Each structure stands twice: as structure tokens, then as C-alpha cells.
Amino acid sequence: MKVALTKVTMVSESTLKEPIVALIRRHGATGFTLTKVEGEGSRGVRASDWGGRNVMIETIVSPETADALLEELSSAYFEDYAVIAWLTDVSVLRGEKFLRKGS
Amino acid sequence: MKVALTKVTMVSESTLKEPIVALIRRHGATGFTLTKVEGEGSRGVRASDWGGRNVMIETIVSPETADALLEELSSAYFEDYAVIAWLTDVSVLRGEKFLRKGS
Amino acid sequence: MKVALTKVTMVSESTLKEPIVALIRRHGATGFTLTKVEGEGSRGVRASDWGGRNVMIETIVSPETADALLEELSSAYFEDYAVIAWLTDVSVLRGEKFLRKGS
Amino acid sequence: MDLLIQNLISPIVLAFLLGMIARWVKSDLEIPDALYQGLSIYLLFAIGLKGGVALSETALDVLVTPVLATIALGIFTPISAFWILKSLGRLNKIDAAATAAHYGSVSAVTFLAATEATRLAGFEAEGFLPALVAVLEVPGILIGLLLARTNRAGGIKAAVHEVLAGKSIFLLVGGMAIGALCGAEKIATVAPAFIAPFKGVLCLFLLELGMVAARRMGDFRKAGIRIALVGCLLPTFHGILGTAVGILIGMNPGGAAVLGAMAGSASYIAAPAAVRIALPQASPGIYLTLALGVTFPFNLTVGIPLFLSFAEYFQKLSQ
Amino acid sequence: MDLLIQNLISPIVLAFLLGMIARWVKSDLEIPDALYQGLSIYLLFAIGLKGGVALSETALDVLVTPVLATIALGIFTPISAFWILKSLGRLNKIDAAATAAHYGSVSAVTFLAATEATRLAGFEAEGFLPALVAVLEVPGILIGLLLARTNRAGGIKAAVHEVLAGKSIFLLVGGMAIGALCGAEKIATVAPAFIAPFKGVLCLFLLELGMVAARRMGDFRKAGIRIALVGCLLPTFHGILGTAVGILIGMNPGGAAVLGAMAGSASYIAAPAAVRIALPQASPGIYLTLALGVTFPFNLTVGIPLFLSFAEYFQKLSQ
Amino acid sequence: MDLLIQNLISPIVLAFLLGMIARWVKSDLEIPDALYQGLSIYLLFAIGLKGGVALSETALDVLVTPVLATIALGIFTPISAFWILKSLGRLNKIDAAATAAHYGSVSAVTFLAATEATRLAGFEAEGFLPALVAVLEVPGILIGLLLARTNRAGGIKAAVHEVLAGKSIFLLVGGMAIGALCGAEKIATVAPAFIAPFKGVLCLFLLELGMVAARRMGDFRKAGIRIALVGCLLPTFHGILGTAVGILIGMNPGGAAVLGAMAGSASYIAAPAAVRIALPQASPGIYLTLALGVTFPFNLTVGIPLFLSFAEYFQKLSQ
């Protein structure tokens, strides 16, 4: 049985790695995948060249969680940090693996 | 002419790299793209810290092949290994490049 | 307010990194994200093993820009180079961040 | 006691500790994956080279007894580990067998730390010891897998390939072959890269290992105190045994203590990779935590000086 | 003048220049991220080790005055930088404070380049200087953040943790502790990895730094000539001051010039990471461009020989 | 024969072989990308440095003849390669031209292996040879591209930039400039990083190159035996020619053999990158397989000792 879920992809300067992971955990996602990437955007500045490039963090969650995550990310970081995010519809087998713990 | 196809994304501990690539070949995909990623999930254990982090393997195939791939991956590895997978709808130019060889 | 946009994903041998980035800029995208990946395809040849593996370049743009980008990429490089591309529907918050400059 | 402190205050042990502290204070220090893999490749290849040169200078008949003794240890230790882990450790059969495969094999870094500690303490160790590392690495893993008597098709076969063609054994044996074929004189041209800076590179590797071990120790509570105690008991038992065997076959006290550290150590490079493939039902949370989070630090701090003292004492006794 | 040319024609300065040229001719040369991070880890740890060994050989009472003087510099320089950046540089309060945090802290690579130039010019520098690097790194950042008097919850607290547990300080202090605990004799075993090849590794690092700096210089035009001039004034002022302080407390001219280079330098590892977290509204385009694109090359080429000449002159004067 | 075996049993050749074996036994050994790139950067920069120091100690007029001879070889070899590849190899014009660009240029690693083998065999080689590597690298590629007489707009221009600003030439020439400007004394400070460990680093690089070459050899069957034979003929022909030229202009037999190995070698760093951009229709399956899968191993094992023997013989003859 395939289940429709939403993937949230966040790309940010690496300074935000820890806060974003904390945000994801707080929203009850069952996991996430992190990739080291490079990028260019409207701001184009990284805080530390030692800190490494950008990070792309992907997490698969329910559509509602996705909206909540995106909302909080946007209000907390969009203004001051180099970060963008988008949602993609995905489908998975065994959807229960991805659903909010305790709900 | 754009053609609708399906992208299968698999994220697994790196131990499974070879078997998953073999699986993809067996299903007649024309190719795949592999990224070294890190991640956290419900199991949160990697077999070997030397083996490197997780791998994310993406392959674009026909929707039927996608289902078959996902099905086999799920039955072969979901139980014992740290692996997840999802499907995304994508569209490509020149769809023939991505279709099963000999079909 | 969520806005529907299109993500163009291009995977190519690393020789094409500069030309593809130039192409993206020319089409007025507001940014892109680049990942170093490995891959296997129908051609399976990389120009230089020193040049590093493949690159995956993702850019989020309006659907029209996406089509134009894909079209130009296809006609300029599909024949001679190891490169593939696909489109995915995504949705973002604050869509104006991603829209063509000056339009 | 003096030996213990002398052993603890060394760049190698302190680098490991620094890595653990990095985790505890939540430092953002991170050894990039590629660097970590580069360090491993370097270390394994360099151990091999050095051992190969030593082999090229050792008469074959000198080797026979140590190699046979090492094989005997490689057969005995996984069986005793299995039995102890099942009875004292209360692990189920699969987890016990998987963990036994680790204790039957050998940790190259423990070997290195033991060699260094031996040198610092003024003892001597035989030059052919790196060859024994290669000999000891394989049998323990195979016996561990056999103990699980899994029915999975191809499980064992794939695992045997994983062990033999795995980077760990491959680089060790490959480096050894190159060292033995080229001999001391030709290897001298690459010595400034592989011999002189070796211990410094090992320090960086231990920095990372400390971070990984600290993460593993977090899994401690899940594993429980009982199993952690077994993780100290096993290296002590196997280590004393290996040291005694070393003395009995006529090795120097230094060499015997290193052999003991090898027997007492648990593999965390070759074994986890093979076990993960052959016994996926076994819990990495148990075998990795024990090997890397308990037994490795135990040997690094307490085990090695213990084996050294015992070697000295036992040799006097057996004279 | 001779000193200037002597300083410019060195592997370190030329490697930095080569990196800048790589950008200008649009070479596809690229230092992989993992390598860059590996080099940084190596350099910081090695500075620490060396400093630690020197500390273990220095009587504590010799250290008191230099440490106090360094703390005084670490308090004064961010305040003077803040004031100059606001008045002469016309930056707003947030940007001025963020940039002041960088000038209050210290650039480890400038320190290394100064040490090397000092040695090449035939001067001597005290062995305990690396310890002063660790002392100088922290206070400037904290004062810079306080100057912004931000109201963001947790801003400063997170930043303090970022500074103290950040890899930069962590490796420096960690290496120093290992060096001091082990002492010269034990560190000798890792010297072929950390001491001998150090300057060569520094060259590779400067190659990358040159590329980064060249990219930053591109942002010059946005920042404007006025602010760039301030980026030359600040290191001159703080550098002369630091050198004078060094002479006054009785250091060698070489050591005083190195202390001056430290005071005149702007951090671009620890400070940006901390500031980005505590003061996200401040523009990295300003502070990074100044620290890496203006002040670092200024010190490398003009500043260091200047401080050396001044140290020599001022010592004669004060005798 | 002795020379052949002496050459084969060296850390460099054996590391290459070990890399090939790793592929054949399907080992999971993998050199991380970042490490591979780091090794290349190191090697090219170090060759440059060493050559630069040698240049700073060589009178200019000594260089004139060797440089002119090298340019002549750089013009002749791509043309002869083009002609042979088209007639004997039955390649089409585009593929022949693309491959000719590789044979006209030079492989830095073959140069290094030849230098090392020369030294081990007790010969001497001129110190300015690394400068000739830089001289030989460029013209062959340009002539190869011209032979394809492509009409693609910007094709050649982009390729010329790719060659000149490409990392390979850039690091070689950059290192050489630094070495020449600084001179032996100042470079001595970075020697423990760039000179002493050089051969060991080269070993690791050859380990990776062996893996790549083994993969390429798998493409052999597609390419066919005829073309593989041409891949052995070309280095023999160009190598003998280059060696003869070396002797005729008065170089030592050792230096002449190294020049021969350079002329006989096929580039696989600079050339593929430039050709891929200027001649995308040409098949990398052909030029990379020939350069890396046939000619490089041929030179490493058979070619270099052959050129050495020939140099010795031809010098006696021409005396």
C-alpha cells in the first residue's frame, strides 16, 4: 500500500545545521537525510569558509507536519540567514514508518 | 515532448550500496545517481563507521518499474537494514532514454 | 501562501559544471544548489578522473523558465555529453524569492 | 601503576580522550569522512609495509610457531567469547555470535597502541608482529558467523568475500606483500611518508575514534551494565591468555604483551562490515558499542599496561 | 625595504598569491572541502602541540605578564575597532560590533606567517607565543558581541558556547594540553608528522586562503574604499600597539612583532562562526571581506615587516 | 632483463599493481574523491617546486637546447600519433585527433616513475627535467585539437584556456615559479612536506590510478586488440625517439631516458579535460582507455627500462 507524504527539503548555510535538525526533531519527524552541497543564492554569503559549504536536509513527513515545519523555519530563519526550503509530494511503502511518533 | 516518469530514491546504510545497484540493474534501469549522505532514522545505527555514511541512490524509471523496484527493495531489506525509499513523479525530455532496455 | 514552482535537476559529468551554471544564470534563476555525485548511465564515461565525479545541479524556477532551461540544455548538450535532466513540481513559501529577476 | 600512568600520558591515548571530550562538550569538531577514510587507508597500508619489510628479514622457520599460536588464538577466542556472551552476557544466539566474531578478530589500532606503549615502556617487540595481525583478522570472523549457523542463502559466502577482499585485510596484506618484495632498501624511499609520520597520523585517527566511541558510549545505558562488564572481562581474559601463549612460545615480554592486546582486542573495521552483511538481524547497537565503546578504551587505558606487567611477571615465573 | 622584500619572497606569501592568481585567471583549481578542513584541523592541533611543549618548558611566573598583557590587548582592541569602524568606517552599530569581534580576536594563520617571517629575518621569538594565541582568541569575540547589546534570546549564550567549544579553540587548547602533559620527549614521536612538515602544509592552506580572499576582494567595490582603508588602518594601529606592549613587557623584538601581528590580525575562523549565530543581522559581506580580503593580505605583506622594523626600532629606543 | 625486474619490483609499480588487483578481486577499497584530488594537487605542486629550485640553480643557456628539443618533440609526436592512429589504428579523424592530443602531451606520473626508476638503476638525471614537463604539456594538446579542425564556435578557445588555466599546468608552473623565486634555501623550510614524503604520496596515488586503469582495461574488448597494439607501439616509437634526441643534445643517459618516457607517455589529466570540452564528439572510451589502460602500464613496466637500456646503448654508440 503506497501512502502519499510530503518531503521537506531545506538548503541552508551550515551554521544552521544544528538548529534545523532540532526543529525537525521537535516536529516529530522519524528521521532526516543530510547532504553537503554548494550553492549560490540571492545572498551568496557563507558565515565561515571553514564551516564547510551549505547543507541540504530532507525529511519525509505528513503534509500537515510539512506545513508546520516550513512555517516555523520560514519565520525563524528566512529573514537573517541564507536558507530556502520547498515541499515535494512523494509516495512511500509502509507509511506508518514516517508518521509522527505518538500520533 | 515531455514524458512522465517516476524517480525512486533509496537511502540506506552504505553496506547495501552494491546490492541496491545490482537490484537497479536487474530491473533494467538505464542508470542511477549516487550521493554520499548522512542521516538519522529510527534505527540510527551504521554497521561500520569506516564504511562511510549513508548513500542515497536515485534512479528514474517507468512507473511500473518503480513499483517493482520498491516492492523488491522493501521485501528484501526493509526488515533488517537501515533503508528507506520513496517515489516522486518527474517529467523528462526524450523519455526513450529512460525506458527499460529491450521493452 | 504556498506557490507552485518547478525544480529542474541536471546531472552531468563535471566538465559541464561551468556551462550549466552559466545557463542557469542566463535564464534568470535566483540561485541553484550543487551536489557532487557519482553515477552510471548509458554512456558511463567521465572525461577526466581527476575532474571529480558527476555534479547534480538543482534550481527552482517558474514552470516556463524550467521548460526553457530544459530545452536549451537538451539541444546544447544531450547529444555529446553525459548529462540528463528532469523536472519536479515543488511548492514553496514566499514564491517571489524564486521568480525571474525583473519580471 | 607507574606503567599505567606512563601509558595514559601519551599522545595516542590523550588524542583519543580529546576526541571523547569533543563530543561531551558538544564541539562542532568533525573529521570529514574523506579524511577519515584516507587516514585508515594510510594506516593499514603502512602497517602492512612495515610488517612486510620485517618479514623479508625474518627466517621462515622463526615464523611457524607464532603463526600457529595466533591461529589457535583466532579459533579459541570467538568460541569462548560466544559462550561468555550467551551465559554471563545473556545475549541471544545471533547477537552473541555476531559479537563473538568481533572479539575473535583483531583491532589494528589496539595493536598499534600496544606496540607504541611497549616501546615507550622500554620493552622490545618482534618485528614480525604485523604479519600476525593479518593472520588473526580472518578466522575469528568466520567462526563467529558459523556459530550463528544462519540459513540465509549466500550470507556466509558474501561475508567471506567481504572479509578477504575488504579494504582492511586487502591493504594490510597488500602492503605486506609490497614490503616483503621490495625489502628494506627500496622501502626506505617511501619511509619519510609511511614510517616517520606514522604515529602522528595515528593521533589524528584516534581523535576521530574518540568521537565515535563517545557516541557509542551513549548507547551504554540501553546495553546495560552487565554487558559492559563483559566487555571488560573478555579483553582481560583473552589478553592474559594471549600474553601467556606468547611467553610460552618464547617471545619477548614486549612481543607477548602485544600479542595479548591483539587477542584481547575486538575488531571494529573488518568485523562489523562482514557481520552486517551476513547477520543483519544481529544488533549493531550491541556489537559496535562493546567493541568500540567499551573494549577499545579499556584496552587502551587498562588492558595494555596490564598485559605488559603480566608478561614481565609470567616470564620470570616460567624461567 | 629589504625586510619587506625578504618577507614577500617566501613560500607562504607566494602560495597565498598563487591562490589569488588562480581565481583571477579563472583556473578550475579547487581545494576539496574535506582537504581544507583536514588542513585546518592539522594546523590548529599542531600549533597547540608545539605551544604545549613550550609551555611545559616555561616557568609559570615567566608567563604571567605576557598573559595579562594579551588579555589587556584582547579587551582594548575590539573596543577601539568598534569606535573606529563606527566613526571613520561609518558602519551601523550592529555591523561595527560584529566586525570589532573579528579584530578583537586573532587569526592563527597570521600568527604563523609572522612567526615564520620573524625566523627568516633572523629574529627570535618566545616559545610560549602559541599559548597567547589561545588566550587572545576568546575575549575579543565576547566583547564584540556585548557591544552589539543584542536582545535576541540565547544569542550570546549560544555564541559563547560556539567560541569555547568551536573547533578552532578546541583543537588549539586540546593540542596544547596534550603537548604540555606529554612534554618534549614524548611529543618527539609525533614530531615527524606535526612539526617537520608543518610549514609545507601551511603553504597548501594559504593556497586555498588566497582563493577565498580573491573571491572576497571581489566584494570590495560594494564595501567601498573608505571601509577598505579602515581595514588597513586597524591592523597598523593595533599591530604597532601590540608590538610596543611586547617590548615594554620585556619580550624579544621578534616575539613582540609576533604579538603585534596577533593584535593587528582579524580572526576568520572562530569569530565568523560565533558572530553569524549571535548577530545574524550583521552582514558577513562586511566583516568577512575586511578580515580576509583586506586585513589578512595587508598583514601578510606589509604589516608583519612593519611590526618587525618597529620592534627593532622601539627596543633600541626603550633601552 | 635485470633492469626490467629491478624496475618492476618497486613500491611505485607494485602499488599500481595492487590497485589493479583491488578491482579484479572486487575489493570495496575506494580512494575518496577529495583524497585523490588532494594527492594530485600535492604531487603537481611538489614537482613544480622541485623543478623551480633546480631552475634557480641552472644557467639559462644550459636550458635553451633541451627546451627547444622538447618543443620539437611536442610538435612532432601528436602529428605522428594522429597519422598512426588513423592508418594503423583505423580511427576516424576526430577520435584520432583527440587521442593524438593525449600522446602529444605528457603524463606527470610517468615522468615521476621514470625519474625514480632511473635513480634506482643508478643513473643520473638532470635537475631541470621538471621544467621540461611543463614545456611539453601544452603544445601537443593544441596541435591535436587543430588536427581535428573542428568548426565548433569557441571550442578551441575554451580548450586553450582549459589547458593553460587548468589545475594541472597551473600548479606545475605556479610551483615552479615559487621554487625558482625562493631558491633552495627558503624551500628547505617546506622540504619535509614536499620533498621527503613525495615518493610515498606517489605510491598512494598509483594505488588509485591502478584501480582506474583496471576499470579502463575492462573497456579493452570494445576497443579491440588492434588499437591496444597501437597503444604499445606509440610509446615505444616516441620513447625511443625522445631518448635518442636526449642523447644527441648531450643529456646524461638517465636524463635522456626520462625525456624519452615523457615523449612516449600520454597525458591523462590535462589532455582529457581539454579534449572533452573542445571535441565532445570524440569518444573518451577510446582516448582514456589507450592513455590510462594501455600506454601508462606499458611505460611503467616495459617502456621505462627499455628507454634506459636504449639510452645506455645509444650513448656508447654515439660517442
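Letters A, B, C, D, E and F name the chains as they come in the text, with residue numbers starting at 1 for each one.
Keep in mind that, in the parts below, a residue touches a chain if its C-beta (ideal position, glycine included) is under 8 Å from a C-beta of that chain, and two chains touch if they have at least 3 such contacts.
Because the structure is predicted, anything quoted here is derived from the model rather than measured.
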item: Chain located farthest away, centre of subunit D as origin (C-alpha); value: C
item: Interface sides of subunit A and subunit B: same vs different residues, half threshold; value: different
item: Longest centre-to-centre distance from subunit F, chain (CA-based); value: A
item: Euclidean distance of C-alpha centroids - subunit B vs subunit E, Å; value: 47
item: Distance between the centres, which are taken as Cα means, of subunit D and subunit A, whole angstrom; value: 40
item: Of all residues in subunit F, the ones touching two or more other chains; value: 28, 32-35, 37-38, 167, 192, 197, 273
item: Contacts with two or more other chains, residues of subunit B listed in rising order; value: 35-36, 88-89
item: Contact set on subunit F toward subunit C in their complex; value: 33, 36-37, 40, 167-168, 212, 268-269, 272-273, 275-277, 280-281, 283-285, 288, 292
item: Footprint of subunit D on subunit E - complex, ascending; value: 32-35, 37-38, 41-42, 45, 161-162, 164-167, 170-171, 174, 177-178, 181-182, 186-187, 189-194, 197, 273
item: Touch list for subunit C against partner subunit B, complex; value: 9, 11, 35-42, 54, 56, 70-71, 74, 78, 84-89
item: Interfacial residue positions of subunit B with respect to subunit C in the complex; value: 2, 5, 7, 21, 30-35, 60, 88-94, 97
item: Residues on subunit A engaged by subunit E in the complex (per definition of touch); value: 13, 15, 36, 45-53, 80-81
